[in-house]
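Next, two complexes with chain A in common: one pairs it with chain B, the other with chain C.
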Partner chain A sequence: MEHLIPNFKDFLRSLKRGNNTGNHELCCRTCKFLLSLIKQFRLNSVHDVPILISTISLFGQLSSDILPLEISVVNIVRRVLHIIREEAEHRNIDISSENQRITTLTGFFRESETYSSTVDLIDLRETIKTEVKNLMEELETHKHNISDQASTHIFSNEIIMTYGYSSTVLEFLCSAKSVGRNFEVLVGESAPLLTGHQMCKELAAKNIATTLITDSAVYALMSRVNKVIIGTRALMANGGLLTEAGKYGVCLAAQAHCVPVLVTCGLFKLSPLYPFDQDTFNEFLSPNTIADRPESHEVEFINYSVPAFDYIPPELISLYITDVGGKMCSYLYRLLSEYYSIEDYNLYS
Partner chain B sequence: MDAVGKILEEQLVTHGLSPAYAAIRTLTEVIRRSNESTGQGLIKELEQAKECLINEPHPLKSHTGRTPLSVMSGCDMFLHHIHKTLSEGDRAEFQNIKTKLVSQGLKLSEMRPICLNRITQMALRSFKDGQVILVHGYSEVVVTILLKAAEKFNITVLVTECRPFCEGYLMCEQLCKAEVSNKLIVDNAVACVMESVDMVMIGAEAVVENGGVVNRIGTYGIGLIAKSFLKPLYVCADSLKFVRMFPLSQRDLPEFTQGTVKAWPGHKMWQEIMTPIVDLTPPELITLLFTDLGILTPSGISDELIQLFR
Partner chain C sequence: MSDFPSFEGEYFRKKSGFHHSNSINTGVAAFGHLPHSEETSNIHWAFSVLKMRMESGKIIESNEACIEMLNAFKHFFQEYELTSNKAPSRDLEDKLEQINSFLVTTNILTLGMETAIQYLKVNVLKFPLNITPDTISKEMCEIISTFIKEKIELPASLISTTGSNIIKNSDVILIYDYSLTVIKTLIEAKSLGKNFRVIVTDSRTRLDGKKSLKALVKAKIHCTYILISNVSYHMPEVTRVILGAEGVYNNCYLLNKVGTAMICCIANAFKKPVLVCVETYKLSEKVQLDSFCFNVLSPGSVFTNTSMYEGDTRVQSCLSNFASSKLLKLNLKYDVTPPKYIDMLITEVGAIPVSSVPVVLREFRSDSEIF
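And then the complex of A and B:
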């Protein structure tokens, strides 16, 4: 297993260095990498299955070390692990490691079960490969599945606010327009990276009436808005969002004006981690983004703080529009238990 | 059934087990001493023992000042497991099943340190340097977490007196011994200090189906204050405290949650006050629950209960 570590590290560093076209691209590449790993892995006996699981867990650990803020990449690793664990459980293969076996009451009560010693490993590998390919297809079609629901959420003569650039929200709005809804969009420009400008151009190209507004105008215009639709980078286990900085203010303004906030996100962004405050999963961008060549005597006294991400608590969100439909915050624990195994929540154990 | 009460007392006092685990040990003893030769007979005897443990909580009250709710939840879970084992097992091998149940009961009652360890690992992630934590009531789990957190982070703990049982003093004693910076405050001062508090951490006597928590009287009030100040409220409990109860209001808690306490000796007119000993904190006021099954949101509790009682 150790001989694979340099291979893993090379791949992860290539992800880090890449063009950074968004974490969806990174997830697809990770999925392909894991599929090829499963294809090449030597499965000679039943005892190789736990080794496969620990190899992929090791990959997961390395990815959270090398790419700490790419939560979706680690989610893909967890999804693949869940697929393998489920298939192994269907075939009654013993995959628990010694120290994991009895650490919870449910584990205790399930302890006395019989395991099979002969299993069709070729069939197991084929099923796992098929499931991972389904996962890849889910990654590729999630935007389509989300935008299909657009006509149920957007109606004519509505004013919708969005913030910054999100390709999922873009497709969502375009889909509503193509169905025939006539609505207006206010786009917050999202300083300092000004991604809202790109969003405006692309919406205008689809003939959607768009207005670009500054961040400071968000609260003032919120009283005229019917809905706020935003995308997110990651969806945490308690329903909180990890998004680009600036959206927390938009959500607070929406709460103050009783405007519903809809979040579009694919299920691969749902993570079993819990953030406790703004700093748990955050990093600071370079002061260059806000200060153009500061004078040397300024630098001594001025502190430039440019957080990259915001954590938005779940109370501010009305509905999560995922590729399996619109979900409420109280339902997320079900989705978590369906798509992830609890042994994989903490990949380091 | 006096013997049952005596066994429970012994477990609580000499072995220092917490009530739920002591109840499981007691039931294990009952199985070991039982002369029954059929599954049904054994179950009947155990049900009687459970009734006795819940309805005569003298050893429980005098030693720990708690209600029999955790005893109830521990017994329910163990009895469910026994039902399942007996129904799946072969009738002819009854003695083997009995021995197996006894060994499982003993192992289960020793799981407390493992559960505590897991809960502590998870709860530690919510701490940061310089935080002020408010605690209410005495909970072994919370004490363990605070002591572990104080080793890594620089924290201050505000402990409520927690009348009428004054458990806050016990908590303070333990914190002082470990040299954790703490301050004892009067119960009514909670609203006053809430703005300087970073989080509220409580244990639980029982976790009910909708994700609400039954804990020492006063917790509901602290939950309401924390919610209005937007401070997180974390509940730390092991999964043995999960109970299949769905109380819709404070009045829906069982009879034994009411009790009498001695009045303040300064005024001669009243000797005793009738008061509820515990109250129900609804799930809307709870941010997260740290349990050995993982970090859970209140909405996830019902699912976990179904898993445990399957």
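And then the complex of A and C:
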């Protein structure tokens, strides 16, 4: 298993270098990589299945070390692990590790199960491969599934505010336009990276009435807005969001005006992690995005600070529009147990 | 096509939009009511110069702007000649009215400047009818100097004394944009030996916070420079938010540079006290509830032309070569902050709750005689 580590590291570093392609792209590549790993893995006996699981866990550990803020990449690893565990359990294969947590009370009293040692390993591998391919398909179609719901959320003559660039929100709005809804979009420009300008360009090209506003004008204009629709980078277990900096202020302004905040995101972004402050997952951008180099006598008195992310608590979000429908934040924990095995919440255990 | 016929078009327009429904009108529909700048030829040269200087963006601070305007009035009074056969005070009243309406169209008037013009008008009318033009212009210049001294400069130093006593050791103070009174307060607190840190918040497209940063660093105060999108990250460590003001309405709403309301809203969510330094001449008899009725629109082209700092080549707007009839660029200058977010006003009459604005107006300014 150790001999694969350099391989894994190489792959993850290549992901890190191509970081500007968006995390959806990274997830697709991770999924492909894991699929080829499963294809090549030598599955000679049932005792190899736990080894496959620990190999993929190791990959997950490495990916959260190398890409700590690409939370959805690690989610994909968890999803794949869940698939393997489900299939192995289905075939009565012993995959329990020694320090396995007992998740139910009845688990304490359960008689040691009899594990079968003769299983069709070829069939197992094929089923896992199909399931992982399904996952890839889900990644590819999730935007379509989300934007299909647009007509039920956007009505005529609405004014919608969004902030920065999000391909999911873009597709959502375009879908509403294509079913004949006439609405206006206000776009916060999201300084210093000005991703909102890109959003404006693409919305205007789709013939949607768009207005570009400064980040500072969000509160002033909120009284005219019917809905705030934003994308997110990751969806946390408690329903909190990890997003580009600036959206926290937008959500607070929306709350002050009783404007609902909708979040469009694929469920592959749902993560079993719980942050509770701004520092748990964050990084700082280069100060040269906001300021020139200060003069020498000023240096010791000035700090430039450009945090890249905001953690938004779940109280500020009205609705999550996912690829499996609209969800409330109180229901997200249930979805977690549907997509992940509890053993994989913490990959380091 | 809507699924519900009654939800269509004119019948269901809950909130009016930003785009014009027809292609004849240009500009932002929601702000169509704001006065447009017109060319007026027969105005005193001092005011044309004032207009030019304000539009070039050289004067951005409200006190500076007010003093600049009063200096323009000084030039006007110095060169004043009686042109009609009315009494000088009546003739001046007409001319002041004319200048006032010119200044309204230039979009440079804020609440404090309106008070100052009102003050001049009242004083002009106080002169007896048989006064000579020479005396009146001399007297008026005197009055203007007194106003600048007693209503702008003296209050600012009183505020900085009160404000600097409020600042405690190890405070982290968040300021926004550029206000001379706030800077003065902070520098005075530093000179009293207080040990504190300042977070200077800035926002595109004007980036006036850089001026604050320069002034504070010169006084050897430790600063952190952030953009308004990162206020939520830094708010937990802040102990006080200190802001300046363009003016305060009679219903206690605060008029200030756009973004102030956003910062106050975030400060309120994190339960941080918001203090506003304001001279009483900026208090107004007017009332306002939103940022739409009165505002000033800066040209939208600055969105794409302004970079984060001079000579910046890193952050490029992808809209610089893009034009579409479907794309509006809305660049507001002011916004209005509701009083629920403001904890204290620091004025020259002391630190008062924001609800005391009408009281201060009544006690310190009577109808017959302003001030």
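The criterion applied here is as follows: the second predicted complex is superposed on the first by the 337 of 349 C-alpha atoms of A that agree within 3 Å, B and C clash if a C-alpha of one lies under 4 Å from a C-alpha of the other, contacts with A are read in each partner's own complex, and residues count from 1 in each chain.
To be clear about the criterion, a contact is a pair of C-beta atoms (placed from the backbone, for glycine too) under 8 Å apart; a residue touches a chain by one contact, two chains touch by 3 or more.
Everything numeric here is computed off the predicted structure, so don't read it as measured data.
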Which superposed partner A:330 touches (first chain B, second chain C, both, neither): first
Partner chain in contact with A:348 - chain B first, chain C second, else both or neither: neither
Partner chain in contact with A:198 - chain B first, chain C second, else both or neither: second
Superposed model, chain A: greater residue contact from chain B or chain C: C
First, second, both or neither for A:238, with chain B first and chain C second: first
Which superposed partner A:274 touches (first chain B, second chain C, both, neither): first
Intersection of the chain A residues that touch chain B with those that touch chain C: 277
Contact set on chain B toward chain A in their complex: 77, 81, 107-108, 111, 114-115, 118, 125-126, 128, 232, 239-240, 287-288, 292-297, 299-300, 303, 307-308
Chain C-touching residues of chain A, taken from the complex the two chains share: 155-157, 159, 180-181, 184, 186, 189-194, 197-198, 200-201, 203-205, 207-221, 223-226, 245-246, 248-249, 252-253, 256, 277-278, 282, 288-292, 294, 298, 301-307, 310
Chain C - residues contacting chain A, complex: 1-2, 4, 7-9, 12-19, 28, 30, 202-205, 210, 213, 216-217, 220-234, 236, 257-259, 261-262, 265-266, 269, 290-292, 300, 303-304, 308-312, 314-319, 322, 324, 326-332, 335-336
Parts of chain A lying in touch with chain B, wherever the complex brings them together: 102-106, 108-109, 237-239, 274, 276-277, 329-334, 337, 342, 345
